[in-house]
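Think of it as A, B, C, D, E and F in the order they're written, each chain with its own count starting at 1.
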Amino acid sequence: MAGIVVRTIERAPREVIDGLAACGVATVHEAQGRTGLMAPRMRPIYAGARIAGSAVTISAPPGDNWMVHVAIEQLEEGDILVLAPTSACEDGYFGDLLATSAMARGCRGLVIDAGVRDVRDLTQMGFPVWSRCVHAQGTVKATLGSVNVPIVCAEALVNAGDVIVADDDGICVVPRADAAAVLEAARAREANEESKRQRLAAGELGLDMYDMRGKLAEMGLKYV
Amino acid sequence: MAGIVVRTIERAPREVIDGLAACGVATVHEAQGRTGLMAPRMRPIYAGARIAGSAVTISAPPGDNWMVHVAIEQLEEGDILVLAPTSACEDGYFGDLLATSAMARGCRGLVIDAGVRDVRDLTQMGFPVWSRCVHAQGTVKATLGSVNVPIVCAEALVNAGDVIVADDDGICVVPRADAAAVLEAARAREANEESKRQRLAAGELGLDMYDMRGKLAEMGLKYV
Amino acid sequence: MAGIVVRTIERAPREVIDGLAACGVATVHEAQGRTGLMAPRMRPIYAGARIAGSAVTISAPPGDNWMVHVAIEQLEEGDILVLAPTSACEDGYFGDLLATSAMARGCRGLVIDAGVRDVRDLTQMGFPVWSRCVHAQGTVKATLGSVNVPIVCAEALVNAGDVIVADDDGICVVPRADAAAVLEAARAREANEESKRQRLAAGELGLDMYDMRGKLAEMGLKYV
Amino acid sequence: MAGIVVRTIERAPREVIDGLAACGVATVHEAQGRTGLMAPRMRPIYAGARIAGSAVTISAPPGDNWMVHVAIEQLEEGDILVLAPTSACEDGYFGDLLATSAMARGCRGLVIDAGVRDVRDLTQMGFPVWSRCVHAQGTVKATLGSVNVPIVCAEALVNAGDVIVADDDGICVVPRADAAAVLEAARAREANEESKRQRLAAGELGLDMYDMRGKLAEMGLKYV
Amino acid sequence: MAGIVVRTIERAPREVIDGLAACGVATVHEAQGRTGLMAPRMRPIYAGARIAGSAVTISAPPGDNWMVHVAIEQLEEGDILVLAPTSACEDGYFGDLLATSAMARGCRGLVIDAGVRDVRDLTQMGFPVWSRCVHAQGTVKATLGSVNVPIVCAEALVNAGDVIVADDDGICVVPRADAAAVLEAARAREANEESKRQRLAAGELGLDMYDMRGKLAEMGLKYV
Amino acid sequence: MAGIVVRTIERAPREVIDGLAACGVATVHEAQGRTGLMAPRMRPIYAGARIAGSAVTISAPPGDNWMVHVAIEQLEEGDILVLAPTSACEDGYFGDLLATSAMARGCRGLVIDAGVRDVRDLTQMGFPVWSRCVHAQGTVKATLGSVNVPIVCAEALVNAGDVIVADDDGICVVPRADAAAVLEAARAREANEESKRQRLAAGELGLDMYDMRGKLAEMGLKYV
């Protein structure tokens, strides 16, 4: 069932996507009911990046990055490449040449449940990558995969056009159709957090602010 | 047996604790006979922090951070939170709001054999964390754990009030009652190391400085 | 069969070694036919170092660093220490004193499929290390190993005198006898990459630049 | 978004399901284009079981098996329970009491990306389980999850009613709508394999039987 | 602090120990409030063994089994050896000769957070072992450890004389002083489970038997 | 450098190979100075097999088993296939059809640092396999590897024609040229072990039999 490239995908509005980036992964993840998070084995190659974009998905055979070239043609300004190998693989599918090409088409970053290489160059180029590992091991171009089909990447389901939010805390997938509602919930959450932050900074305890003492006592908590 | 909060714990003298921080983990660990080290899966969220403090321990159910709120009330100036889940868990138990609250009470950092989130904020706040992983996955507040009971954290036993020393090399637990003696041994070790460092920098070999050649020959080492 | 120190090893020419360092791991690895790469569990203790040198190999028992002292005597200017334990071990075999001694003899760095400690000091000293982990756990000096015998380090075969190339992408082993030829191939590859980089940056697609469309169609790729 | 129980799910015809069981995981996986396989960390608690059934899915919080009780009410004869925790967890969610209850409702087995316990009893009862690990650590009943919603289990997407095929080789998910077609393809594959098996047993080489020599030579394979 | 052998340890009464063995790990673990369980990386070398005994503890350097010989002299009829290396190690510390010696002194089995070898012989001898792995890699006898000191084994604290219960579900540590009370609780739990088992086997749902429906509805569970 | 098949390899004498099988992995490994052992991640698909044979080596790309067909043609009676992927891979490279073909040519088993499938069939056929995992995920035939070149398999160096010894304890590689000498040493070791076993079974302590008490006291062991 490999060998499919879906050319036309729907994307969320740009301002919704950028709003989600500003909220960050932890807030967005909470705001959409704690779903869509990738596994913590995914780590950024450098600290400090915070992006969001529309997923262009790649299902690739182990050790074969041919489909990355195919996917790059499908990129639009503001997209993020998301690659899942069809079986676990740590090879370096992606390096500075592919990043150059992807950036030329407006790509904001890469999320890959496999390896990446040329990380010093990628860091200097400001092209953020979240990956399972860093590995110089290259790949071949011999077998077909698919582009813009649904994939499971680092234990999260990703459909092409879903909004990917990524920062130092990890990666969260927001279904395209939910993006606007999730943004609204995330912003409400942020507003709410600011007042809590000030009260906590002033020394108020969470036990009191969240009114937990009664419930804890009822559950049987004993102070000795 | 969960559901206990021990309110009163003994702590080591502040100047002993601060002395241990200055020595660092590797030296302290050697000085107390190579005991008390946590497993190397524990990593700092940013490089360069070196702290020591008295342990306020938390035993928490998987995916439930309710007891962190309870523990924060037990914090005194100079303490360090130490959390072990009752079974292996990578959830993000702790983020910037809890850090704000803990800092307001004088907490010096967190050691957690689970996940942490909001690491960009925590880094900007200068709140150091050593954790098993970074993960945006949140937790619930539904089940009791305990505070200031003995825990095994990352394969080390921690009693409330033990001195926790943490830096880029990892985390070492110094039993409260041994803290002064360990500090003395650590300082002696440091003094001794400085002269060795100078001799080695000048080109003297460890083989000669430590007088190893005879023992190696006796054990049968052959140069070919 | 432990207990052997080979005193005399052949090394590649200095200018070849330095040339390989300049090319970096990913390029060198490709240039020698994708062989000789260590496993991606090996990570640098700080970002940005890129070195090459002649391997002085150490086969050490688990938790015993005695042979590091023996190996340091065998170092020449421009060498790199490469240590593999005889069974998997995460102990910190190496710290700032050994680094001071190794640097005094011209050592360029350490590759160790085990743990390292004093990483803050090593970073300040500018002594680069690639390791399996960071761990303050020390070692003993009780059992013999060997120096400059062939070892398997992080799944790569290393003979004494082989050229080790290491950077943020990992570590590649170049057999001494192949070093000049690999350098030539690596430089050719670099020259070739620069023109590709410019074309890709200008927006040309890899699909066209590498003339892939026909082959993909022939393999059955379908655009839908 | 937790807290949902979908009561009515569609199932594939019983004879299709049983046909898929007879083909086994490796054949079914090939027959549906190498998709739908769970990760190899999933292992049977005893060797030799080979089952297929309709998935009743469970999304459960870490360390909380409340939803298993809810799911058991949704079981029909021939179903298989499939549980994915919302974050990685090794707790023993399931033991002999739950198995007794599930078997009373016709359940054929359990697939769980977490832990299981009472494995000696389960083995004696003939209730097959594929799990991430065996662990006596129990769970609580404090937080809601969902039943019969789509889940990602061991890196495979599972919708309620999908056909689960499991044996010593692992677990494969067949989308309900594809089940009949996949069975047909699997049987064709089996028929084809039998004749190959006989030719290979008689000493014919795969190189000849699959006519590979020309292609290998063309790719540049060299015999020396 | 290594180099200590504690000769005299207290043990729980034999009938209490044997009673705990009969209850099994999962029941004992529940009965003592879900504490004392070792990590699930510990696995039996063969299925079906279920033992309990008094812990004779060994703290051993990585790759060094000298202290096993020392510990064997401390064994009494009905004891279990429990070994934790001072840093993570997969070496095969124990084989058929040591098992022969331990059995001659009445030892019931071995729990080791490291490797074991000669597993075919051990299986034929009926000497059960729970270990982190099977590995033929041998060890040396060069460095001291300690016997009958407190250790952390597979993330559980073990004091000499504690009761170790081990079966296919894992290993549970029962503090010596609690053993009788835990046995009583475990037996009560077993009695209670039998009636539940019969009701569940007859088709009664856990939802009804445990009266969960009201609580689930109150928490917001929705059937759709 | 892929794409090479070495047709002619030297093998050790059959009676030496069979003698090594009879000694088993743990004894052979000790007899050759504790070298040549593969990592403990390699496990047999069923218990009880003990084999030795001459290595026919395969270096294969990740997810590509084409070279297995090529290697089978190179098999002689008594050989063992040894496969290492060029980067870490868990795919099932080998199943019952390939086993049928290999057995028809006298192959005694497979050692593979990757996955295997059809394990129920392989068990019934009595074809032993040691692998990194069991996984139904299939492979392609698109890229060249090499046969009978030196490989690193599970962290051990294997040259074609080396003697592979495998049993429940793991896999040991004996260099062809050393095989006769290693067999002699292994048999001497076995003879020596039998008398020790009898003395230990009679209750003599290792402390006395190996005369360890003086050395332990000298090292500072304290009985308290």
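As a convention for this text, contacts are C-beta pairs under 8 Å (C-beta built on N, C-alpha and C of every residue); 3 or more make two chains touch, one makes a residue touch a chain.
Remember, predicted model here, so these are calculated numbers, not experimental data.
Novice: Starting from the defined contact criterion, work out which chains touch chain D and chain E both, please.
Specialist: Where chain D and chain E share a partner, that partner set is B, F.
Novice: Where chain B and chain D touch, do the two copies share over half of their residue numbers, giving same, or under half, giving different?
Specialist: Over half of the interface numbering overlaps between copies: same.
Novice: Pick from D-E, A-D or B-D: which pair repeats the contacts of A-F, with over half of them the same residue pairs?
Specialist: Within D-E, A-D or B-D, the interface duplicating A-F belongs to B-D.
Novice: So using the touch definition from the top, which pair is joined by more C-beta contacts, C-F or C-E?
Specialist: Between the two chain pairs, C-E has more contacting C-beta pairs.
Novice: Using Cα averages as centroids, what's the distance between chain B and chain E in whole Å?
Specialist: 28
Novice: Calculate how many whole Å lie between the centre of chain E and the centre of chain F, each centre taken as the average of the chain's C-alpha atoms.
Specialist: Comparing mean C-alpha positions, chain F is 31 Å from chain E.
Novice: Where the centres are mean C-alpha positions, what is the separation of chain A from chain E, in Å?
Specialist: 41
Novice: Among the residues of chain C, which are close enough to touch at least two other chains?
Specialist: 34, 37, 86-88, 90, 135, 137, 143
Novice: When you draw the chains as points and link the ones that touch, which shape shows up: line, ring, star, complete, or other?
Specialist: Other.
Novice: When you check every pair of chains, which ones turn out to touch?
Specialist: A-B, A-C, A-D, A-F, B-C, B-D, B-E, C-E, C-F, D-E, D-F, E-F
Novice: Flag every residue of chain F that touches chain C in the complex, lowest number first.
Specialist: By the definition above, chain F touches chain C via 1-2, 32-35, 37, 39, 86-88, 150, 152, 155-157.
Novice: Please name which positions on chain F make contact with chain D in the complex.
Specialist: 3-7, 46, 66, 69-70, 72-73, 90, 92, 95-98, 100-101, 103-105, 115, 117-120, 123, 133-138, 141, 143-144
Novice: Chain F touches which residues of chain A in the complex?
Specialist: Touching chain F from chain A are residues 61-64, 86-91, 135, 137, 140, 142-143.
Novice: In the complex, go through chain C and note every residue touching chain A.
Specialist: So the residues of chain C touching chain A come out as 24-26, 29-30, 34, 37, 40, 43, 47-48, 50, 167-170, 172, 193, 196-197, 200-207, 210, 212, 216, 219-224.
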